Amino acid sequence: MYLRIDKIAVDFPEPKGPSPDSAAALQELLGGKFGEMSTLMNYTFQSLNFRGKSKARPYYDLIANIAAEELSHIETITYAINLMLTGATKRGTDPATAPLKTAVDARNTYHFIASGQTALPVDSMGNPWTGMNVFSSGNLKLDLIHNFFLECGARANKIRVYEMVDDPAARAAVGYLLVRGGVHIVAYAKALEELTGADMSKLFPIPDISNKKFPEARKLEEQGLHQIMFRFSPSDYTEMGKIWKGTHPEDGSTLRVEDTIPEGFDPPELAEEPQLTAPGIDPEMIAAAAKRVLG
Amino acid sequence: MYLRIDKIAVDFPEPKGPSPDSAAALQELLGGKFGEMSTLMNYTFQSLNFRGKSKARPYYDLIANIAAEELSHIETITYAINLMLTGATKRGTDPATAPLKTAVDARNTYHFIASGQTALPVDSMGNPWTGMNVFSSGNLKLDLIHNFFLECGARANKIRVYEMVDDPAARAAVGYLLVRGGVHIVAYAKALEELTGADMSKLFPIPDISNKKFPEARKLEEQGLHQIMFRFSPSDYTEMGKIWKGTHPEDGSTLRVEDTIPEGFDPPELAEEPQLTAPGIDPEMIAAAAKRVLG
Amino acid sequence: MYLRIDKIAVDFPEPKGPSPDSAAALQELLGGKFGEMSTLMNYTFQSLNFRGKSKARPYYDLIANIAAEELSHIETITYAINLMLTGATKRGTDPATAPLKTAVDARNTYHFIASGQTALPVDSMGNPWTGMNVFSSGNLKLDLIHNFFLECGARANKIRVYEMVDDPAARAAVGYLLVRGGVHIVAYAKALEELTGADMSKLFPIPDISNKKFPEARKLEEQGLHQIMFRFSPSDYTEMGKIWKGTHPEDGSTLRVEDTIPEGFDPPELAEEPQLTAPGIDPEMIAAAAKRVLG
Amino acid sequence: MYLRIDKIAVDFPEPKGPSPDSAAALQELLGGKFGEMSTLMNYTFQSLNFRGKSKARPYYDLIANIAAEELSHIETITYAINLMLTGATKRGTDPATAPLKTAVDARNTYHFIASGQTALPVDSMGNPWTGMNVFSSGNLKLDLIHNFFLECGARANKIRVYEMVDDPAARAAVGYLLVRGGVHIVAYAKALEELTGADMSKLFPIPDISNKKFPEARKLEEQGLHQIMFRFSPSDYTEMGKIWKGTHPEDGSTLRVEDTIPEGFDPPELAEEPQLTAPGIDPEMIAAAAKRVLG
Amino acid sequence: MYLRIDKIAVDFPEPKGPSPDSAAALQELLGGKFGEMSTLMNYTFQSLNFRGKSKARPYYDLIANIAAEELSHIETITYAINLMLTGATKRGTDPATAPLKTAVDARNTYHFIASGQTALPVDSMGNPWTGMNVFSSGNLKLDLIHNFFLECGARANKIRVYEMVDDPAARAAVGYLLVRGGVHIVAYAKALEELTGADMSKLFPIPDISNKKFPEARKLEEQGLHQIMFRFSPSDYTEMGKIWKGTHPEDGSTLRVEDTIPEGFDPPELAEEPQLTAPGIDPEMIAAAAKRVLG
Amino acid sequence: MYLRIDKIAVDFPEPKGPSPDSAAALQELLGGKFGEMSTLMNYTFQSLNFRGKSKARPYYDLIANIAAEELSHIETITYAINLMLTGATKRGTDPATAPLKTAVDARNTYHFIASGQTALPVDSMGNPWTGMNVFSSGNLKLDLIHNFFLECGARANKIRVYEMVDDPAARAAVGYLLVRGGVHIVAYAKALEELTGADMSKLFPIPDISNKKFPEARKLEEQGLHQIMFRFSPSDYTEMGKIWKGTHPEDGSTLRVEDTIPEGFDPPELAEEPQLTAPGIDPEMIAAAAKRVLG
């Protein structure tokens, strides 16, 4: 079971302005093969499908806990997309003026037809996320190798989307995800090392560029965010520290588990888009509804 | 952000025995168009995409909170599938004896090839869940109508899968989901009534059969489980009681919000399946790993 | 069985000019999840799959008849797309001049490669229509709720595509479909009301904007087109008037069945596009063919 | 525009009994790549997309008219599937008895979960029909070659499904479709011959087996059904006789256009399946509904 | 089994410059329904699935040999795409400068996120190639008709993509493929003629435009490249000359088998794209790697 | 460019008998996410997309050469499937006897409808192979990690399918592929070690079971087949020996490049299946065709 907290992981700066095509690109990090939907669902299913858990508790705890963190990454990238789309068309209530005219040329028309200028579980080409993206073989070593690869692939995607978009709000999200995704790469490498004795540290960084080259990520790493495994649970998953320990393969800093989650930030209020009837609540209706709702 | 608790919602009885084809059927309730992946992802995205939230907080709170509950439904149905698959082939480590021979005739061969006799985000025909199943128009009224329909369709699916499988473990899960899914149908109907003044109560039940006809569900409803909206949050989503109130459209009982989550149960330990190298940890390796892990 | 008549439902005004990206957007109304392919196929299959028909003839008649009307909606939106694409590239027969050069930047390249600048059963992102869009549970109440939701979703799509394109030919089609789709929303609401006694009228309009705000639709509603259920059959489906009766939930006007179909208009002649060898019949070949064909 | 008539093309004999796996196989002829959905949609779009129609009227008329006939083929195969599924599970209203238990092993579980033991637009493996199956290049010669190939592929599918199922009701449908599909193969071959002067007659039959080997088809061909192109229109598509003429390439009989459609037969009443709440109308509800509906 | 030779079929001229949207269009010829992936895989599977081979050796040899040639067509079109993408973004190693900024508007964002500005097995809309594109019925006549149609459809696609892109490197590839694909159309027509005695020559060209209208193709045909079937094997597939013989249906020139493959050209060296870490080998790493690799 | 040789890699023993459901399971190794289509296409595209090749020739040579070997693996698994399907239905030419009756219950009905009892590029559930299975990031290190993971996943699939089927012909193929796939796992591990200095040898075997446990594989490894990298080229890809060298991580044996390909075996003649008109060549037709073909 899960508890939800109405906070998100990133304190978004004001966006420079709407950018529907940046939003379309960011979708790759949400609904792409290597997007947050994939990391979330891979680890969630691997944790629920874990056989022989009692013999391998630290591995179970690690995977289950990272799965919980991924939920907050879904939130992070979704809000980044939504901020790029808010205000992207002409606000108003007269359809005859073609308020969505510019959307005809947008890279992702679903943003304007299927959703109210908000995110969907699709990738940068508008192709939907699919359950075929989940790998859960039941073999612990193979699942860990998969997860290590998945996170490296996800990192490559983040790097490239970062290089495509330069809005500060979008980059705040991607920079944060680079750091936290980096933690997950290291975590799965450590797990493989503990399980087999192999030394995977010389493989880092994958791809061949350091997080320090990304200003938003560098700032967070200077605060040590890449060293911490937060425990996303009131009282469970306590054995992952048997894996998440020692030093970071890239900068040699010391890894540590933190028994709380980050404090978080209030999610941004997304402005109404009346031309999309989103949410479609007009003042009188609100009054009437309030009367009914509030008694 | 989310906190994960290492408990699940259902106290599974001992299964009568493995039943791979029942597991395949149960997949519809996990990865089908109307499965728990769909309810989870619809409400999660609708909550993150909510525009004008401050004007319509009770609706936001309701959708966000139900999304959080759906995470536990993913767990419930996944464990039901896993229990039907555990022990379904001949345990052992000699591949030459064809320990998976019976799997050739199984309805879902992915259970034996792609996973270690465990669940995957696919439906009863093995087709993967897809992001096209998510509806998030941004128009509150339309999203609520969608959710109402989605839950009704999900109920029809649960009823039919219940009628296909008779293992007590599977039915414990489906019976529980019938009750809790029933809560969500009522919740979206109430939300539409609050928003518009329409009276949707005469539509119930959809389809035309009462939960009371399902022994496992009836028992839970006798305990009042269909009257409660649990608040899946330490301190947020407090306004949903402005919608979840009044009486139940089917039996007239009083609806109430409970400010905690159900206590839950320890998830079952899933036995190892050595013929699938799941998890593939042999005794010596465990010893060596333990030495490394535990120091 | 069906009879086809070489007329279409809309009298298209002259388009302002080709607009491939508008054509791409219009595709959502043809091959999208909520496009005319979906409404057509849902009602067609529901009518063929109807169990216990003799006990529920008015519902059968209503669904079967609306299915027949949807065939004309396929025609309407297809011609709208085709008119937006006709003339969209440089006419001529010399490939070396790159007559399709501008198509490289078009939103839907299938229009220029797979088809001869004409419609295909795909959506606004070029993703194909799929049979997964058909819902046919066999439970009458649930199918009607689905259909009600489907038509509301389709209306949201039409509204938004209308707001994206401003060519008069495209808007003539979308305006017409808004009105006729509106009839179908009301029809399914009425059917649910007759079946259950629920009152769904306060839900209208969904989304929260009236057809009267769309000039092309308003004009048609002023002529009463939103009040009429045409009987698309020489002599069958006569009992739907038991459902389609009473008043319109939005303007209170009186609903009526008309025992004929609209008169219709000659479909536009689509000009040849020689650079696409569409249709690829050169004068001499026509002469030779004519000689053979006409003897 | 289209008129629908509440008749179907085949007079179904009583089925030998339900056969869910035969139904699953028959789905290939409905929703498969070469199923009736494909022939219907290919010709429908080609007729609506036809460029330079006035120069090539006989070809337009032929394609448009065959498209209209295909609608009745959808009906034919759908009813065949429905007859194979009716009565396939235990009738009753008590879910606890697992009335759908046998469906766990059925080839197509969608028949029992998504539909009420009726057809869906999917193929014999449960994969949905997709718009990618539509070919509409705009080049008349190429479209005709496609159609010729498509019908040959469809014939191969019909032959093989015929060889898989031996229920008389199923075979009545497939035998009929073999004959009428055979007409379409010849029609597209004739169209190519008229257009180019090529002689395609020596290619017949494709695959290398005559319709006369199929008792149900032979009987219909003895009545000359393979020689007739019915005109599925009250007054349009009158020029196709310029193509559909001469002799049949296989038996040399004379081809002719008939200016009416076949008389047709009442579609079978599909019995209720209460365990699926299909249609879910109980006696009292019917009474109440009747009172409301009939006044 | 196969031998690979590090040569490609086309001597690429210097491209005029990068053109990502041309690359996106060219993808249709690689991963589209009628792209080289489709021709390759159709003939490969048909050759491996051939029943009764000893009775029909020339047909087997023809199909198997064309399959082998198609491998070189995959190479050709892939390099054409890669040349259009090389240099398409700002080279450099500082992600903060948003070196991929222009990619936000590119037609195919996978080129910049999933790949290192190189080809992928997707079509011009970014939809992946699928195994559903393979037809292998086992009936020789039907497979040949399919192949004839497939090559004609592929030709239409090549013609249209040629008309969309005017870069000399892209056109060198498409012109070459027009000629060699033309050989395959004739080959399958000849095979059908040999098998059945039908005369298909009057159908040519399909679509209705000659290769001679394409300067790059015309030049190659003037050298006779359209008359030659190369034998892509050291010593096998020797009987295809029993089919590939006689005259070309379009220009009457004499067809002949050549018992070698074309000499070929060195594939272009694709420049590094450091902003994509492609290949991500920095000088020091190369030195260290060289030391390790070269000892 | 490629040369094809009419030999295959495995000398198939006589199958015990047809086994359609074993064939269906084997499809996973052909068209599944981890099947031979995936390995073939991943390495083919990576080799064609290789940037900065001159700096990293040994890596290019290794990937390009393995790609070439994968073509022979497609052949191997396809023939294994075909052997399991040959004779699986009642041979004969009278469709009325329902010769394909047993196919109604087969796991993969495409084998009997779409193909002539032969392989298709689909997986064990009949879902088609898709281009989304190709990973080609352009970053050499990441591509190698992917390939290492892909081969490990492929190995898990082979192990499990081996455990499902016990026909000697099927196991001959899977045993062979286990050995050769094992070579590829080691090759990509070696490449990563050369590139980065990491030591991956302790990860082996993945999953945790040795090839020696599989009799057919053990026999081949006793002959040293796991130590050899064959050069699938007359004269190219000569630098891969700079990577493929040293010792095998599992048994310490010495690795070596062999400058030829394996000798190979004649592919089995697949018997005709007249009930499927595969190939559909009757004696008289053969005579007539021979007369035409042979002159």
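To keep things simple, chains are lettered A, B, C, D, E and F as they appear, and every chain counts its residues starting from 1.
Just so we're on the same page, a contact is a pair of C-beta atoms (placed from the backbone, for glycine too) under 8 Å apart; a residue touches a chain by one contact, two chains touch by 3 or more.
Predicted model only: the values in this text are computed from it and were never measured.
Counted as hops between touching chains, the shortest connection from subunit A to subunit D is 2. Chains touching both subunit A and subunit F: B, E. Judged by shared residue numbers over all numbers used at their interface, subunit D and subunit E contact each other through mostly the same positions, with over half in common. Taking the CA centroid of subunit D as reference, the farthest chain centroid is that of A.
The distance from the centre of subunit B to the centre of subunit C, with each centre set as the mean of the Cα atoms, comes to 37 Å.
Per-chain CA centroids place subunit A at a distance of 23 Å from subunit B. Inter-chain spacing, taken between the CA centroids of subunit A and subunit C, is 39 Å.
In subunit D, the residues touching two or more other chains are 33, 114, 125, 127, 132, 135, 137, 139, 141-142, 156, 197, 207-208, 276-277, 280-281, 285.
A complete list of chain pairs in contact reads A-B, A-C, A-E, A-F, B-C, B-D, B-F, C-D, C-E, D-E, D-F, E-F. Those residues of subunit D that touch subunit B in the shared complex are 93-96, 98-101, 103-105, 108-110, 112-114, 125-127, 275-277, 280-282, 285.
Across the complex, subunit D meets subunit C through its residues 1-9, 31, 37, 41, 44-45, 48-56, 58, 64-65, 67-68, 71-72, 74-75, 78-79, 82, 114-122, 128-132, 134-142, 194-195, 197, 232-237, 242-243, 261-262, 264, 267, 269-273, 276-281, 285-286, 288-289, 292-294. Residues 33, 132, 135, 137, 139, 141-142, 145-146, 148-149, 152-153, 156, 192, 196-203, 206-208 of subunit B are the ones touching subunit C in the complex.
Taken in their complex, subunit E has these residues touching subunit C: 19, 21-22, 24-25, 28, 32-33, 107, 124-125, 127, 156-157, 159-166, 207-209, 213-215.
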